[in-house]
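The two complexes that follow have subunit A in common; it is paired with subunit B in the first and with subunit C in the second.
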Partner chain A sequence: MASTTGQLTFAIETFKRIHPVEFQRRFLSQQTRHDGRAFDEFRNTQVVKGTISTAHGSSTVRIGNTTMVCGIKAEVSEPDVSRPNEGFLTTNIDLSPMCSASYRPGAPSEEAQVCSEHLFRLFSGCVDLAALCIEKGQAVWALAADVVCLKSDGNIMDAAIIALLAALEDVQLPQASLDSVTGVVSADKTMAKRLQLQRRLFPASFSLVDDAYLVADADDAEERLATGSLLVVLDGNGKLANVWKRGSFIGRDAIARCVEEAQARRNAVAKALK
Partner chain B sequence: MTRPDRRETSQIRALHCALGQLNRADGSAQFSAGNTSVICGIYGPVDVKLYDEKLDRAHIEVKFRPDIGVPMTKDKWNESAIRSTFEREIIGQMHPRTLVQINIQVRQNDGSVDAAAINATTLALVDAGIPLRSMVAAATCAVCANGNIVIDPTQEEISKAQSTHTFGFSNQQTDSPAYVDSRGDFTMDQYNSCYDMCATATERIFAFMRSAIESKVSKESLNEA
Partner chain C sequence: MATNAMDRRRINGPQRTVEPIYSKDTDPFASGRKDSRSLDQVRPIYMKTGPLSTQANDLSASSAAAASGSAFYEQGNIRVSCAVYGPRQGRKSNTRMGSFDCDFRYAPFSCSWKKRSHVRGADEKEISLMLEHAIAPAIRLDAYPKACIDAFVTVIESDGKSATIAAAINCISAALVDAGIEMYDSVAACSMGLWESQWVADCSQAEENVSSSTMIIAYMPSADEVTYMLQHGKTSPDQTDQAVQTCINMCTRVYAVLCRGLQASISE
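Let's turn to the complex of A and B:
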């Protein structure tokens, strides 16, 4: 609608839709963000463990409007010949059109494949695969972790890592034994044992929006304008587990500052995980 | 404590490269560091699928093929890493509504293959004459179990390492990395040491790239004259 001064004015929702870049710039240039957060502020994070009673371990994580559910299924399988006393961990993330209009149905997108590969690389060092052994060379536990995104509003990676960590901590494996005569594995559910993790991982994501503003925990609108991204993962002792920077240049000092901020975020996530 | 191949901790393996070996590609380069060898072929700018067409710039596609077996999710991961690095470097605005296809084939993998792939891609893009903002070179460091930091680790060293660090640098911007992938169990001090070691190594790689391109260009100009 045109105002009396002859200048075009829009309702704020209209402006946001037709000039998304300019809309974000108006906020970012004033050192704030469109949802009122500071640049280094993460959204409220909630974690609930054991949300799927039929899985061996599960969790639901919310970071703002991003919702991620993780379920872990344990199945008995034969170990790899080259590693006879080690179990398996497989990770998969499902980014379906259900969670955002930017995902297409069908085969997993490149983003989903990259995300599940990254989850695997991070967590393969956290689970003691030897503890998944039932009978050397005969039977081991294979943990299949499926992360499903229900609502995608940016920062999928953080939500997936927290969801997977929470679900792994929730895993209870029944006492299993192999009958050497029949070759059948029987499980005693009354003697369930909690899976012990060797390392806990706490992620913090940062996005370089419009090539100039480095913001923590970008939502979907900000991520669309992002030209670069940085993922920092810390472990329970505050040591680094992963620094992963892609896209546009992020200065060496800026990365160091993000690692500092990730330390503060680690405490917040640890509190949410209880 | 010496390294399995008796290199110094800050010594990279012998570099080798060959430009324009593939005669059907618009540009190609083979890059080797010791036993790790990668070949990269570029097609571009060429026709783009309607689905990928971008009105204001070229679409960049990366295909990464491993030395053994069919491409898997770990190769998709590499494709995404290389695309995110070069999407910024390639001046796609000069060829809108076209495709630049980067094909990478690992010939031999003896560690630090992702850095070799980035180096091969830079050389192939130069060979293809694709307009670039700057050149990118990458190097990998590994922190050994005893705390020693070694550059350009072999597969054997990587399998025993506490953490591995790959840094990509542009020759235009020295204070900020173009690509970082640090993984494992490490401290900020170790990260910083690896950063410095990789930055020094990439300077050497840039010098090597420069001489390779210069010798090819001078050969071509001799043939024309």
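Let's turn to the complex of A and C:
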């Protein structure tokens, strides 16, 4: 109220805290954003592969302040009876209270469960599960991919997908063999083989802020005011792999524009992934 | 805890997985230490305060959900990240003293052996409590009545269990300073392992596997007070005495590194 009458003046930090909606509106109505980005501009994205020596494949991804670490552990298990020559890939995301005050300790929140499930479905076509077979019907690799959020500042889904893709590309599976007499699987780390992916995924997220402004790669402050969101995932050839729209109304032409912007984003992410 | 219980809140893999048998590692002390450290040398430390918390004058960062203080700490291969929230409203009212709670987690991929379960293990609970006991004496809890201070620690990569606990203590100390919590002194911690009647500082996992005893000490150098001490395994009283002395000396050295890091973060 005070801010609209112009009677009182605040320090800008105070204004941001007590009236976040109005604070963001002032920027958005001027076709800019509070951190100076254009509406279609993504934050700087960095990817480092092979950051964790205790995992078989790992990566660290930063999109602006959002930081994700993904580690993949490979272990041996018996295959499913109905799919005797297929291994396993499980994907989970951990949103702990460390990365943001909005998350509570304990069992995964609904948001984390939804993200895990979505990641799992997205990536289920990426790895050739038959390549994870050690001995048909007896032993296969089970890859457990865990994405840990170190700092959450908006757009965790993009960061998680890029981190998971980078970690999968970094996986080196040791040469393994099953001793048919003892039933023991032995592995040689010096003879490791890189995992071949069937397709790569490139995400781009957009948020509908204040029901009016569609912005790319929203940060935490913008996401809090978002009434809708759109996740576009493209594969390596630029084909649509997944579109996930949630919340408020987004026009058809706006969605088409987002898909176009996702194409440009794909090149940027591919460059960061090298 | 039943390990085969289905966890419906997560994506589950096969019920039972095992690690393959890897070709044997060589003796870690075969020709001196693998990373050519001397026996009383701590691995190189890198520390950064404030990666998860935002500075008050940084407008571009969204601050609503940011931690009050945070630190990222590396010691050789060990990587620990910590966020401190508080002082904030405590769960119990009418307490004269504030409370300090700690939540310690290993990331599932952080250990060199089998993947850790998502469900919090008893050892993580135990370490959380150890960290509370090691740090709480350094905090001026009487200055925060009715309040609580929470520290969330995640190990991203571990290399030596005792060394990881010591690293977590150092990391929390730095994060508490970053949060501006009133303290008597920063706590610096260090660990050692006993290998063939010699104390070896800051053991890696391979070294810890062959050591017969381990020792962790948390120490406040300016106050000259030990806040926590834990010794596992077989030693003679003389050896323990010697270990305490050496550990304290090393803690003082670690403390100097911590202070330099903290000073650098202020002058930035």
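The rule we apply is simple: the second predicted complex is superposed on the first by the 268 of 274 C-alpha atoms of A that agree within 3 Å, B and C clash if a C-alpha of one lies under 4 Å from a C-alpha of the other, contacts with A are read in each partner's own complex, and residues count from 1 in each chain.
Here is the rule we use: contacts are C-beta pairs under 8 Å (C-beta built on N, C-alpha and C of every residue); 3 or more make two chains touch, one makes a residue touch a chain.
Bear in mind that the values here come from a model prediction, so they are computed numbers and not experimental data.
Trainee: Touching A:G154, do we find subunit B (first), subunit C (second), both, or neither?
Mentor: The answer is second: A:G154 touches subunit C but not subunit B.
Trainee: Applying the document's definition of touch, where does A:E117 land relative to subunit B and subunit C: first, second, both, or neither?
Mentor: Both subunit B and subunit C are touched by A:E117.
Trainee: May I ask you to decide whether A:I52 touches subunit B, subunit C, both, or neither, giving the answer as first, second, both or neither?
Mentor: After superposing on A, A:I52 lies in contact with subunit C but is clear of subunit B.
Trainee: Touching A:I255, do we find subunit B (first), subunit C (second), both, or neither?
Mentor: first
Trainee: So, A:W244: does it touch subunit B (first), subunit C (second), both, or neither?
Mentor: A:W244 sits against subunit B, while subunit C stays out of touch.
Trainee: Between subunit B and subunit C, pick out the one touching the greater number of residues of subunit A.
Mentor: Of subunit B and subunit C, more residues of subunit A lie in contact with C.
Trainee: Give one of first, second, both or neither to describe whether A:T227 is in contact with subunit B, with subunit C, with both, or with none.
Mentor: The answer is first: A:T227 touches subunit B but not subunit C.
Trainee: Under the stated touch criterion, which partner chain does A:G236 make contact with: subunit B (first), subunit C (second), both, or neither?
Mentor: In the superposition, A:G236 touches no partner, neither subunit B nor subunit C.
Trainee: Regarding the shared-chain residue A:G71, is it in contact with subunit B (first), subunit C (second), both, or neither?
Mentor: After superposing on A, A:G71 lies in contact with subunit C but is clear of subunit B.
Trainee: Contact-wise, after the overlay, does A:P84 reach subunit B, subunit C, both or neither (first, second, both, neither)?
Mentor: Neither partner.
Trainee: Touching subunit B and also subunit C: which subunit A residues?
Mentor: Overlap of subunit B and subunit C footprints on subunit A: residues 113, 116-117, 120.
Trainee: Using the touch definition up top, name the residues of subunit C that touch subunit A in the complex.
Mentor: Within the complex, subunit C contacts subunit A at residues 9-14, 16-23, 51-52, 56-57, 59-67, 77, 79, 81-83, 85, 103, 105, 107-112, 114-115, 118, 150, 152-154, 156-159.
Trainee: Applying the document's contact rule, which stretches of subunit B touch subunit A when the two form their complex?
Mentor: Checking each residue of subunit B against subunit A gives 73-74, 76-77, 79-81, 84-85, 87-88, 170, 173, 175-188, 191, 195.
Trainee: Mind pulling up the subunit A residues that touch subunit B in the complex?
Mentor: Going by the criterion above, the answer is residues 110-111, 113-114, 116-118, 120-122, 125, 199, 227, 230, 235, 239-252, 254-256, 259.
Trainee: If you look only at subunit A, which of its residues touch subunit C in the complex?
Mentor: Of all residues in subunit A, those touching subunit C are 12-13, 16-17, 20, 34-36, 52-55, 58, 65, 67, 69, 71-73, 75-78, 80, 88, 90-92, 94, 96-102, 105, 107-108, 113, 116-117, 120, 142, 144, 146, 148, 150-154, 174, 176, 184-190, 219-222, 224.
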